[in-house]
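Read through the structure below, which is laid out as structure tokens, and then see the notes.
Lettered A, B, C and D in written order, each chain numbered from 1.
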Amino acid sequence: MPSVTSLEGSSVPVKKSILDLFTDVRSRTVNICSGLQTEDYVVQPVSDVSPPKWHLAHTTWFFETFILKEALDGYREFDTDFGFLFNSYYETVGERVIRSNRGNITRPGVDRIMAYRAHVDENMAKLMDIDSFSDEMRMRTELGLNHEMQHQELLYTDIKYILGHNPLFPPLHESVNVDQVELAKEKGTVKIPEGIYKIGFDGDGFHFDNERNPHRVFLESFEIDKLPVTAGEYLEFMESGGYGDFRFWHADAWDWVNANGVDSPLYFHKVDGKWKRYTLAGLKDVKLDEALVHVSYYEAAAFANWKGRRLPTEFEWEVASDQIRWGFCWEWTNSAYLPYPGFKTADGALGEYNGKFMVNQMVLRGASPATYSNHSRHTYRNFFHPHLQWQFSGFRLANNI
Amino acid sequence: MPSVTSLEGSSVPVKKSILDLFTDVRSRTVNICSGLQTEDYVVQPVSDVSPPKWHLAHTTWFFETFILKEALDGYREFDTDFGFLFNSYYETVGERVIRSNRGNITRPGVDRIMAYRAHVDENMAKLMDIDSFSDEMRMRTELGLNHEMQHQELLYTDIKYILGHNPLFPPLHESVNVDQVELAKEKGTVKIPEGIYKIGFDGDGFHFDNERNPHRVFLESFEIDKLPVTAGEYLEFMESGGYGDFRFWHADAWDWVNANGVDSPLYFHKVDGKWKRYTLAGLKDVKLDEALVHVSYYEAAAFANWKGRRLPTEFEWEVASDQIRWGFCWEWTNSAYLPYPGFKTADGALGEYNGKFMVNQMVLRGASPATYSNHSRHTYRNFFHPHLQWQFSGFRLANNI
Amino acid sequence: MPSVTSLEGSSVPVKKSILDLFTDVRSRTVNICSGLQTEDYVVQPVSDVSPPKWHLAHTTWFFETFILKEALDGYREFDTDFGFLFNSYYETVGERVIRSNRGNITRPGVDRIMAYRAHVDENMAKLMDIDSFSDEMRMRTELGLNHEMQHQELLYTDIKYILGHNPLFPPLHESVNVDQVELAKEKGTVKIPEGIYKIGFDGDGFHFDNERNPHRVFLESFEIDKLPVTAGEYLEFMESGGYGDFRFWHADAWDWVNANGVDSPLYFHKVDGKWKRYTLAGLKDVKLDEALVHVSYYEAAAFANWKGRRLPTEFEWEVASDQIRWGFCWEWTNSAYLPYPGFKTADGALGEYNGKFMVNQMVLRGASPATYSNHSRHTYRNFFHPHLQWQFSGFRLANNI
Amino acid sequence: MPSVTSLEGSSVPVKKSILDLFTDVRSRTVNICSGLQTEDYVVQPVSDVSPPKWHLAHTTWFFETFILKEALDGYREFDTDFGFLFNSYYETVGERVIRSNRGNITRPGVDRIMAYRAHVDENMAKLMDIDSFSDEMRMRTELGLNHEMQHQELLYTDIKYILGHNPLFPPLHESVNVDQVELAKEKGTVKIPEGIYKIGFDGDGFHFDNERNPHRVFLESFEIDKLPVTAGEYLEFMESGGYGDFRFWHADAWDWVNANGVDSPLYFHKVDGKWKRYTLAGLKDVKLDEALVHVSYYEAAAFANWKGRRLPTEFEWEVASDQIRWGFCWEWTNSAYLPYPGFKTADGALGEYNGKFMVNQMVLRGASPATYSNHSRHTYRNFFHPHLQWQFSGFRLANNI
């Protein structure tokens, strides 16, 4: 689990050899699931949440399909049905199981999927060991590992959704603490002067296609908080009637609040007059100083309106990122997820990775305690539809000066 | 598994002592599940299909709630949450888990539910052994066992739905043969003259409230087939374009056919130009002489129209039941499920058993090979909504004379 | 408008010549609409409610399609598009406008439809006047007129739905009184002994196919109220919490109550603590002695359960019909709409008339003040889905003795 | 109707006196409806399309509510129910009729709404004539007129939707030509160098709040077409299988295409193998040189991908607007609708105008032939959800250089 401190201290951890990284990432995925019972791996309560066993298999399928089948001589496919079952959005590769049906597919079971992982891991180790391991395959392996890091975060949030919607509120494990982060006390803001700034990834290491091209933007001067909003600050909004006052909400947001009866962040429950929230360690009191998470963009924007401030754009966030603290939660920005100038998708199935999602979603910046340590950058662009609450999503405020 | 022969030879098997019956029924429930993997116990692909683990727990909850908690001194409830989780439609007893959410509740797991069954079985054995085991509790025990027999049939059909909608078509077990019944060759019809006939249960043994009161009906003369319709006969309907010709269908049925793109019984698949069907033993060729199952009332009625004949009423069926063969499948009748004259519900939660379903459903008569041997009577009234296909439901034809 | 008295005094009014009847029925249809504004003719607020202009055209289309085009030499079709637009459920005749889209079809307008009516009326008069007017065409004309009588009742109820869901509650006309019937004071019940009774139409005059064949049924002895339930009696059920107590409701009914938040008959509104109801003459106080209307079968059955009594079957109702008063409202019975023994549909499109609706619906007997005087018989079988409230539907109670 | 030439020649028409402008705008609204029959004013086929009579009343309600009731001494409200009926999204002002129910409200009828317009127009004329007509009220009047100009465009598109979905394809009027614009022949592109550019409204005249604050953006160099895409160019995309190839579509777009079976722009119909399209003057052949309209953002983006180019951002469009031709159609840009730096909403109900829509929508720039002549500016920001086709929406292409 990445500590918040390490995220702040260094966004570029020591480079591991590719096999070390492979071993570390692959075992962390399984470790995340260590508190699960077999039954927990199967279900898909809503279409955005995938069954844990699907994540385990899908991340493995990536390595088999894009690397082993192409590059390892004599590789024997583990099971020819798996391409169909564990493909996700890769329309190029073949027919896929419709996303909202994933949760009814009880076979193959968890044991068989673990065997699939072992089979692929073993063959990947073999491939990485041979002299002819090409740069292209190394690059794909790195992409596959970063893909798996993303699914690790989804594993946490999907497991939380499954257990957190069980009327018994079972914990994943008492010691999991990715969603109980207290903020440092050092409040305050940072002022950034107007000017032309460089945005996007411009180095050599791994990055996603959506971080490119590096380009210039002009920013008016602004002020941004050093820390994201706390649960305590958000409780004030709730208690002042914020969910019942249309003036703070976007029109689509107001429809969403009313159609779904939303009156708090996800996982909040009022028990005997006191707010509690479900965490992966079980039901806990809401602490005033902890980072607010599990709010939608709609809620973030409504809170900002209520405060008379606003969310930063993703460009403001990136420019200020050296001077603020981050790593407590993913932070909604006021930027829609759109391509940077000169954005280009790769050819073929790997080209489906990011571009096809560049509509109807908002950008989140930062990282959460559930994020793999290697998987955060100042230029990293996360994105979700604006009504979604189930990620470790909070926000910080900004304003013009 | 009941043999078809025994159902024909005798509808009143040798009476077992209540404890023997209890032991037999309870162990059969677990045996039905013996081919399942843990993952299969959890899911609920559509609202009519319940997760197998829910059936295991719900049938157990019946004994705990209505018998042990009332009659066994010092009984310790296994888990106070279970009343909420495993109640079904018993509104009297307390808040229940909404039916369509059952499939997302991964905890308690299968092991814990098996422990629940053991705990209740042990205490029931204790209770049945003591002298003060009352007639009222004996009667409730018998009701609970008949309730469990009904859930055994649902277990078969729900397991079939879960495995039969998996793209891999896994069998429950190669040796299960409840849904592959070949019919005897002796075709022919029975003629029944007009007259007043006695209908309903009029004896001493166990029966459901919906079989009473016994009463008289006047029937015009009619003719009824000795055997239900075969898969081969139904294939002729399909191949003659029956699913595409509105003239054979009820208006609601025609909407159902078109909204769902129905063009065959459930579990039929055309593979390389040949009809196959999923059975609990895997994907098999359709055999011409086997009993047709997994059709809705809508399909049964359309077939009858196509043939220029009709379905029998439940009264005609009951009057003819001594002279026809049955036990191959549940048979849709042309009777809506309505109360008999003088029908009375019991007081309290047990009174919810049958009366509240007496609208919008059609009566099925007979029994299937999946029916517990003790659980079929000439007066037995099964019922389902007319669009449902997932039961072992077929039909036979009749006509006026 | 039929007076309640005339309905009681004589169910067989003086036979009119077919042309007189034609003229009378056709002009009554237009008269019913006399309080409408052009805008009111167009909309379809829910799929069961058709736009008034559609009723005007569809009833006319019947005469053009089944009579004029077949029997009148040289008949010029008014508009070849109308067959497509104003066909209803007659699948045989050709593609039809999907029912739930009818309300968006603003052209042809009301004036053009009135011209269509005039064109068809003129040609029908010509046809009925010639010597070769055949018995078959006379029979079809009579069917067309009875079809139009049914649509007259639907015109009343659909107009009421349209105006009654307008926030301004505009009356159709202050003097319309089809839905404000006070009941006679003579309460009491009728006792009918057990026995074999004759059911169904067995005479020479007009009747629908669903009233045949005449046949015998055996009835146990029963007791039935002389009058239907009043609004005042139903208010007691409401005030005692009837809508909130699941014990009185069928399972499907309870789902309906909760999904739709039903807490009163349709058109009831609590204004300043007092129950009012929308009538075609505007918003009025609920009167205790008036016939209850606009309840669903679900509500009728729940009320009966609350009273510890039951609804009569349609057979009981028919047998008792000479000794009870009726004509106040359509009365839900506890009979599902199913074919009588020997029921046969006509060939071709006219054969679609009734049989295709014989599933999922409950029978109503009687007649309402909106029913055409010629259009009620002791054997008449009306039918609707059990959740529908928008007809002039009430009920009376019965019990075993 | 604005001519395309005038739009190009001058985006700032001669300033009219406020009363002249009021008279001109108000009468144009009624003129747009001159081809309608009463029935056409009533319906709402989908929730985005409002009944024409609602537009007539709602635009009038604006002047009554925000001007007459506040500023005209002794003003008598026309009808106290209208505030409730014709409010749109102004949550501050009171309960409103849910948008998707508007089409079932047949009263008040068209005549009464025309009387409402006359009443308000007369009183507005009185108010504008008096010496105390304040600057605040003059500003609100101008806002009300610009609001009405927007609804004029919606009147065109909503009328088109209503008539264009009638199976008879009735024209509004043979002479209406707002949706049949042939493009000039002068193809070609404009190149814009990188640099800091000024964006947004920075003058004195009328503008919407969303056009402010004026601010600077940095643009990389780019190239943009002088003309939007023609119907002929789009036909090539269609005929090359563009609607069937997922590679060109956003993920949300691909879901939209498949869920709705989209295979052409709205109003396109293949008749006898040839593409026709419904226009407000009736069904016409598709002409290769006419401006493509009625495509969604999804379709615009897919076409651009197919061409290997992209849509311009709204900033690129604005910077290039002096050197390109426009006024043929509204043009989708690749910018999400978001606030400019320093954007501020007004207080109270008028503040609801634009800010609340700043999520989930894409910006369109330009103007269509249906746009009021006074109502187009280089800085004007139109916006709609990306799946909507019913506006006069096309697009032009750009690329990096």
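Side notes on the structure shown:
We take it that contacts are C-beta pairs under 8 Å (C-beta built on N, C-alpha and C of every residue); 3 or more make two chains touch, one makes a residue touch a chain.
Worth saying up front: this structure is predicted, and the values here are computed from it rather than measured.
Between chain B and chain D, the least number of touching-chain steps is 2. In terms of their C-alpha centroids, the spacing between chain B and chain C amounts to 37 Å. Centres computed as Cα averages put chain A at a distance of 46 Å from chain B.
Among the residues of chain D, none is in touch with two or more other chains.
Arrangement of the chains shown, judged by which pairs touch: one closed cycle in which each chain has exactly two touching partners.
Partner chain D is touched in their complex by these residues of chain C: 37-43, 45, 53, 81, 84-85, 97, 103-110, 162-163, 165-168, 170.
Considering their complex, residues 89, 91-92, 196, 215-218, 220, 246-247, 249-254, 297-298, 301, 310, 334-336, 338-339, 341-342, 356-360, 362, 386, 400 of chain A touch chain D.
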